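In the two complexes below, chain A is the common chain; its partner is chain B in one and chain C in the other.
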Partner chain A sequence: MAGVINVTSGSQAILTLGNSSVLAVPGAAGGFSVPLVQDLSLSTAPGTVRYSTLDSTSSSAFTTVVENSVSLNMLVDDDAFFGNSAVTDNTVATNGLWTTSNNKTEVFFSVAFEGTDSGDYYLSGKGFIGGLAPSASIDQAVWISPMEIVVNGDLAKTTLP
Partner chain B sequence: MSKRTDLISSITTNLSGHSNFTVSSELPFESGGNPLYLNNMNTVYVNEQQLDVEELYNTLDQGVVNITTTTINAYLATDAKEQFSDIDTVVANLLTAGDILTNAIDATKSYDIDVTDDVITYTFEYNYTTI
Partner chain C sequence: MKHNWLRLFDVNGKWTLPERKIVVGGVEHDLDEYAKQHGVELPDANHTKPTNLTKHTKPTKKADIEVNIDGDMGQTQDESDTAES
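And then the complex of A and B:
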């Protein structure tokens, strides 16, 4: 599908977690799709070092390593946050986001851009869940929490088979 | 039970010590060209509740959380020339009768007064905001 990716249908931008790369593929059986996500951001930030030389009036630069991360805000779903013991094939879903974060367990993840149809693009990797900071207030009415996945290594660009 | 039913029950309780006033479970429809609260003075009539549902949160997987505002009006008409000595207490009790929800984000109660000829009409408005 060429052109702008419209996410308003409710099944396009999907964060899927798993304790294996296979489970973390978008739409995979047993994959843990994080529900009630309000916004989802991917960051790929190459590290750079600037330096100056006597023969140039402009600074130069070279790159170091890339720092990747996924950040999001979500309405807190009790099963997703605290775990669902009925799920037996994906420990991230079984334990929930908080326990997985607290245990510093590495997870596999994917971010689907266009849904789960054949040929749809997604980015995947592995990393650690952090940044959980659930908050509630009477005006806000529901629990809301940010979350971050600190990516360990590269992000891979893939299309669904 | 609807909030209107709860409100009528609460008003009934709060007016139990005021023998000059009663509560009707009927809607304040018009009869003979006048609303019932003008035909039957000193009787509180509670209108049907009105709902206003708006989207509070929407998520990428269309997990919509709505916020609902429920508005209920109640009416009381009484003699403007010779008001009952306990009318102030009755009005105050009608306001506190609106404390029927414990899970509301916001609850407001207010009333307006309209004096026409020798009749004073109190129009109460109860608003409840819930998820």
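And then the complex of A and C:
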């Protein structure tokens, strides 16, 4: 099936974070590629307002603004979650996901759909990390956490150079 | 095999990046070499690498003499010739 993006190679669907848009490009040197992601979802939801009029038997609608978000589930990696002081060129990696979320620091991100080769598509934007809720149990003996990026503004479609 | 890097040609078949380099599998390749190796016909197949057509030859002694003859030989130019109106 032409056109289907198969992600089973393990190097296709990638979430990259950075404190600048350059660092957040998939495969960029210094980019913080979130590890141990189990699933990744992107949501683009145009707001709509519905209204009814007396001259129509169906309601009408118009669009308002688009709300974008990225959500995922991941196994908690200690460096990714709590920070890695050895990283000096990307403050999102230095501080870790939790501190970045707690400080309400805006981050740049990209979601690679096809990997990091020339011509591969990715979506990018900026937003705030939220939704962290790590959990563990004796039956599920690793820390797992959801995460969300509340996107501030538009998502941009780009191909890698 | 699908070559996503072909997307980097525009609708007119023009390469959109400043350099004819691509990254495949994390390795950088020369676009034309890679296409040749994989039997891919590029949209700008007639593209030729720019060549330096100007040749720099060492001036002959005769030419040196002619330059000296044509030169000012240390004469100063009249300022009125160069003054802007």
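In this text, the second predicted complex is superposed on the first by the 159 of 161 C-alpha atoms of A that agree within 3 Å, B and C clash if a C-alpha of one lies under 4 Å from a C-alpha of the other, contacts with A are read in each partner's own complex, and residues count from 1 in each chain.
In the analysis below, a residue touches a chain if its C-beta (ideal position, glycine included) is under 8 Å from a C-beta of that chain, and two chains touch if they have at least 3 such contacts.
From a predicted model like this one, the values you see are computed outputs, not experimental measurements.
With the C-alpha superposition on chain A as described, chain C and chain B fit side by side in the combined arrangement. Looking at the shared chain after the overlay, A:7 reaches chain B, while chain C stays out of its contact range. Once the two structures are overlaid on chain A, chain A sits at the apex of an angle of 120° toward chain B and chain C, using CA centres and rounding to a multiple of 10.
Of the two partner chains, chain C is the only one that A:119 touches; chain B does not reach it. Measured by the number of chain A residues touched, the leading partner among chain B and chain C is B. Once chain A of one complex is fitted onto chain A of the other, the partner contacts of A:159 are limited to chain C, with no touch recorded for chain B. Of the two partner chains placed around the shared chain by superposition, neither chain B nor chain C is touched by A:148. Once the two complexes are laid over each other on the shared chain, residue contacts for A:138 go to chain B alone; chain C is not touched. Contact with chain B, but none with chain C, is seen for A:40 once the two complexes are overlaid on the shared chain. For the overlaid pair of complexes, the smallest distance between C-alpha atoms of chain B and those of chain C rounds to 15 Å.
According to the touch criterion, chain A has no shared surface contacted by chain B in one complex and chain C in the other. The residues of chain A lying in touch with chain B in their complex are 7, 10-14, 33, 35-40, 74-75, 138-139, 141-142.
Every residue of chain B that touches chain A in the complex is listed here, in rising order: 56-63, 65, 67, 105, 131. Within the complex formed with chain A, the chain C residues making contact are 2-8, 17, 22-26.
Chain A contributes residues 2, 27, 114, 116-121, 159-161 to its touches with chain C in the complex.
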